[in-house]
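Here subunit A shows up in two complexes: once beside subunit B, once beside subunit C.
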Partner chain A sequence: MDGLLTEAFLSSLFTGAIVAAVPMLLAGLGEQMSEKAGVLNIGIEGMMLMGAYMGFLVAFKTDSLWLGFVGGILGGLMVAIAMAVLCVRLGLNQIVIGIGLTLGAEGLTALLHHFQFSRTYPRLPVPERLNIPGLTDLPVIGPSLFGRHLIVYLALLAVIILALLYRRTNLGMTLRAAGESPAALDVAGGNVLGIRVFAVLFTGAMAGLGGAYLANIGAGLFVPFMTGGAGFIGIVLAMLARGRPFWVLIGSLIFGAALSLTTALQVAGSNIPTDVIQMLPFAAVMLVLVLFGRRAKLPSALGAAYERGAR
Partner chain B sequence: MALATETPTNLSPQKGTGIIGVHGVTKRFPGVIAVNNVSLSIHPGEVHVLLGENGAGKSTLVGMLAGLQEPDEGYLTLEGQKTRLASPSASLDAGISTVFQHSMLVPTLTVFENLTLGAPWYERPPRAAITQRMEELKRDFALSLPLDAITGELSLGQQQQIEIARALLRDSKVLILDEATSMLTPQGAEELGARMQKLVQGGLAVIFITHKLAEAYRFGTRISVLKQGALAGEMGPEDLRGMSEDQAVDEIVRLMFGREAGAASAELRASTARAETVLKVTDLSTRGDSNVMGLQNISLDLKAGEILGVAGIDGNGQKQLAEALAGQRALAGGRVEIDGEDISLASVAQRRRKGLRYLTDDRLSEGSVGAFPISENTVLKDIGQPPFWTNGIERPHRIAQHARDLIAKFSVRTPSETTPIGRLSGGNIQKVLLGRELSGDARVVVFNKPTYGLDLQNIDTSRQRIAEIASRGLGVVLISTDLDELMALSDRIAVMEGGRVRGILRNDGSGEVLRLRIGRMMAGEEEQKQATA
Partner chain C sequence: MTMKNKTNPGSVDQGASAADAAGPATERSALQRFLTVTIGPIVAAFLLSAIILMLVGINPLTYYGYILERSLFSGLGLEQTATRMAPLLFLCASLIIAFRAGIWNLGTDGQFLLGAVVAAATAPLLVGVLPGWAVLLVGFSLAAIVGAVWSIIPALLKAYQGVNEIITTLMMSFLGVLLASTLVKLVFRDPATTVPQTRTLPVADRLPRLFDTTISSGLIWGLVAVLLVHLMMTRTSFGLRLRMVGANPAAATHAGLSVPLLTLATFGLSAGFAGLSGASEILGVAGNVRANWNPAYGLMVIPLVFLARFHGVGAIVLVFFYSALLIGSESAARRLGVPQDFTLVLVASLLICLGLGEYIDHHKRKKER
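After this line comes the complex of A and B, so read on.
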């Protein structure tokens, strides 16, 4: 295996890990807020895909990556609004609606893409990267760690901001209370449905942004179904992270590394069959669940719609 | 507090409409009139006791004052002004704070966070202000709370203090305490009584809901008795002053039941214990974790015809002991024998067939399937067994007949045996479960808080049934947080604290002396110093 540890292999491993980790990180952070507030947001995969589609479309039409990100956020929000109305306001089953929204978004984005581009997959120009003199020039880790698009560092900043928000603010406390005992929050004068709607919309925005990153930075193009379960992995990350944004970051890097091994092993010319290599991230999910799944602690009222005075 | 200076001037203090007026309020739920044309007047400086059996409408009335429900007919007034309380926040804004029967705190948040829960999201947590106000509360009302402790790790008494502190921090004018003593030790209830007196002296109005007669007399300035949703009578301060406790209790009982019931506390039951041992527990241990207390080296034995009481403050391992006996909780060590036969590894069903019966305190989620009709709930533990199933085929007529017999025998109040059990009141569900556990060939019955949350009449009949079960030669393990109940029924009383049995005392009828000994054991022998913030 000595031949594997070449500079090309490591460089593509690190680069791939980060590129793959960022969408999952964003999705996981978003999902985490929904789960804290008591909404199991299975529609996140659909939100991400809608974000990828809208993000790509806007970036393609306007030639602006940043407007593309705004488009992605709006795309995710559109699906999230449906989720918030159906599951929080009307109290419908979160799992059924979540699956429905994901399937709906998959079909809709594929259809719209087909109408617009037929079977062509136009590419966006390669994004400009951050260049920190000195650091970016380091061998192996330089380009992968310090030469990424600015959005990567904003995602890292979000980890810190969210951690502070959950711990230090009334908003964070209200979110936790809504997921743990909504009735207690209600009689204390808080607004359970309001905070849950907010959390679902935040999830939509983050997932949409993650999707836009996936399309515009990760791939540079939009392909139907391109999220390929990244949103679902976000759900797993949120569950394993026990409410801590920092653990979502760690988890997304582990899964990102597993995903990027796929490419890195091919770059290295390994003779392991591709099918086995492509299984890796999902095997990693199961391995992590077996190892840490029992310790995952979820809010008590997760998945249950809240209705005042119901008994 | 602030209210002492603003006494309503247009109203005479005795007969005015008070700070809250309830005017001809009626609330209906499908099939029942929960509250029927009730009028009340709540005055500052008074502890107003709402007394009534289960299903008398107390909780519904509380719900309307707390903004959880709105009346179908009638209206509420606030300082003489007609008002609507459409949501909990409207109720809070009106100066009404409610401490509900079931804790309305978020167990995973800290005490400080629970105190500020409901504050606008954009505000910064007011740490310094709260700390200062808590100092005042500590001085004025002896409320002392560790602000950074996780709420779920505190005792129920302390949790209740958090809710009271929260009400005071909001400068409430009215404090509603719904069944506030049901979770407390006798000492804790006394402390609460003293605290209520201090609060009303400060000008607050307290509404205290209870079904315990003695508490009503000792703590109340004014007592309103509810019966089947309607106001059955009211005793004002001038009435109560002229009465002794016995007279007041007699009067209340008359109002509640419309008949003269005998002494409220039963006399010591004559022992029916026999020589043979039916249940023997040796060194029983279970594992615990951060949510569940583990049991350590519990040894008990139970004779046929004996009632072994298990005392303890709620949450000291009684539930785990009951589950370990019933086979619902794996043992980490030790053994359980029934009639000399080791059943430590036997399943729930095997133990049931050996004659071990368990009556859970969790009637709704563990004891019954709410959406199933009563009839199916009566045979829930006999699925597939004759005579209700023959050759795997259900016999609905036999089940229905069995259920009708049970409903008649245990006087369950229900339209029919096909009514889903979840629609019944707690007391009636309890009757169905009791009937279910007593059917068939029982040897040992484990009761976990069998009369908790029941009304007086049902408590009385339940206790008689328990005594009768023992007199038939069955062994009874009676877990209860009600010392009166244990001292009335038990031959011996085991006291649990921190997952251990601290001692087993013979119930020798020594009354107060025994009660004090048990109380000290429940508190863990040495008086634990209250944690100070």
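After this line comes the complex of A and C, so read on.
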């Protein structure tokens, strides 16, 4: 373990933290909007996986990462549309349908992948990176902070935009009203179901984008079941962030660091089994929930379908 | 408050009992209801999955026909189906307790695997030290205890901090699956083999087989578990208390029940049965745990329990057919080249069609009123 604090180790730790954090950040930001509007979106894991699959497939077929991201968004949206119709429009149980959509996306992507690629896992070319002269050359943090794909900076921009949206705009207020007191919003002339559908679709798009990032940039390939709980961690991030996008960012960086220890420790030549290291992010989630669980603030109408005139 | 009522799994049950109590419901409407909320979703799910099979270029009739033939119309297949029912039945028992008490235990996979690993780690070492029945008893008991222990954190968080158990049990499940794998590789590894796996319980020391068949007697214990749980939840005062907590925690508190303690009991029992499920697979069939082994039955049993409306007998019938589906699809993966992941698609369709059936039924009843 003497090589633990070398430049290679620290650099791969920082890089890994950011690469691992971005999918969770996108998923967490997406989930946050659903939760604000009163929809507990357990199907997000499925949206992410579908985004990863579609994103990879499009990027692989067209040789374009950007089209891949569009494909990922569409993949996430497909699952989100099902969620919006079933849970918001028809008011079905959000947890039953959420589990159903997650399992369905797992099965469907594994099945489609099998019939397209059989047992091969083709790789995408390594993406070109943003290069800011001077900054990117800084030791240790340079390549990790300033040498990422453009999508990373767009995700950071999304944090700021969402924070402003929630605080300063009518749309932000309407979202909150749909989650805290849908009946009041309805009486005031707002469209509860409409705003919830919007929130669920936004979640799908963000989760799909996160999935596409995971497959196309994080791994460079698609493997069935590859999200491995990242979507669920996104739900935890949203729960703990109490409606604040910046907290989702901080949380995703912490969990990203925990995840990236896997690769970083391997670089350092440690012989701890990967199973143990893979436990770190989930253990971190549990620790945080034990310490701060009581403070997780959720909208009061979360999980309840809105039906006009129902008591 | 309304939120808690609508999100907890017990609320589905309330709808059902409200209909039962409606009084002069004619036989015809009971049948209609059965068609809408049970048979309809099953048929619809198979049709929906058939479309997906056609999309990937497989003839659904061939596929479904193969599964039926392989799992129900062949002697060996039928025996395998019956054997596979055991762990699924224990899981149903686990979920019936949790869902009736209004708790979403989505962590059964972790509890199942840790139970399995503990049973596999201890039982082979005890052979020869203890009589055969005692070896099995110790294996099952330890599995139940370890399964229950794995639910303590979500249970405490839910009971005393009000933290949503959906997330905590899922997280503990991921942790449990990884921990089980680690234990197999580092702690309980059989030094005699090159592949990482636990020591193997000799066939003679496993649960006895039934008569002249290859069916493991775990099936009997699974049936007993589901029926006992059913009776406990519907016929005892303890079960009534759990259901009260599930139906309306605030009302239960006002009625003088200790909701936190009953919540802890629910978690312990539910997770304990999930642990037993793991042990039944190891002590009955597999004999050891290989590293990274995870059948992931946990989430797949959920639609069965919902379709059965948390009723033990209904669950047993559905488990039989689901078990046949698993056996058939495992064989189809080798013979027809359709990966087993297809069962996930089928289970997902089942969950969604179940919700739709519930929706149609709800609106029909509303119109009648």
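In the analysis below, the second predicted complex is superposed on the first by the 306 of 311 C-alpha atoms of A that agree within 3 Å, B and C clash if a C-alpha of one lies under 4 Å from a C-alpha of the other, contacts with A are read in each partner's own complex, and residues count from 1 in each chain.
By our rule, contacts are C-beta pairs under 8 Å (C-beta built on N, C-alpha and C of every residue); 3 or more make two chains touch, one makes a residue touch a chain.
Quick caveat, the model's predicted, so the values are computed rather than measured.
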item	value
Subunit B versus subunit C as contact partner of A:279, first or second or both or neither	second
Partner chain in contact with A:177 - subunit B first, subunit C second, else both or neither	first
Partner chain in contact with A:188 - subunit B first, subunit C second, else both or neither	first
Subunit B versus subunit C, judged by how many residues of subunit A each one touches	C
Which superposed partner A:93 touches (first subunit B, second subunit C, both, neither)	second
Subunit B versus subunit C as contact partner of A:168, first or second or both or neither	first
Touching both subunit B and subunit C, residues of subunit A	none
For the subunit A and subunit B complex, residues of the former touching the latter	168-171, 173-174, 176-177, 180-181, 183-191, 195, 299, 308-309
Residues on subunit B engaged by subunit A in the complex (per definition of touch)	63, 66, 68-69, 87-89, 92-93, 98, 100, 103-109, 113-114, 116-125, 166
List of subunit C residues in touch with subunit A within their complex	2-3, 6-7, 9, 12, 52, 56-57, 104, 106, 153, 157, 161-164, 166-168, 170-172, 174-175, 178-179, 181-182, 185-186, 299-300, 302-303, 306, 338-339, 341-352, 354-356, 358-359
Residue ranges of subunit A touching subunit C (in the complex, touch as defined)	40, 42, 82, 86, 90-97, 99-108, 110-112, 114-115, 224, 228-229, 232, 235-236, 239, 273, 275-276, 278-279, 282-283, 285-286, 289-290, 293-294, 296, 298, 300-305, 311
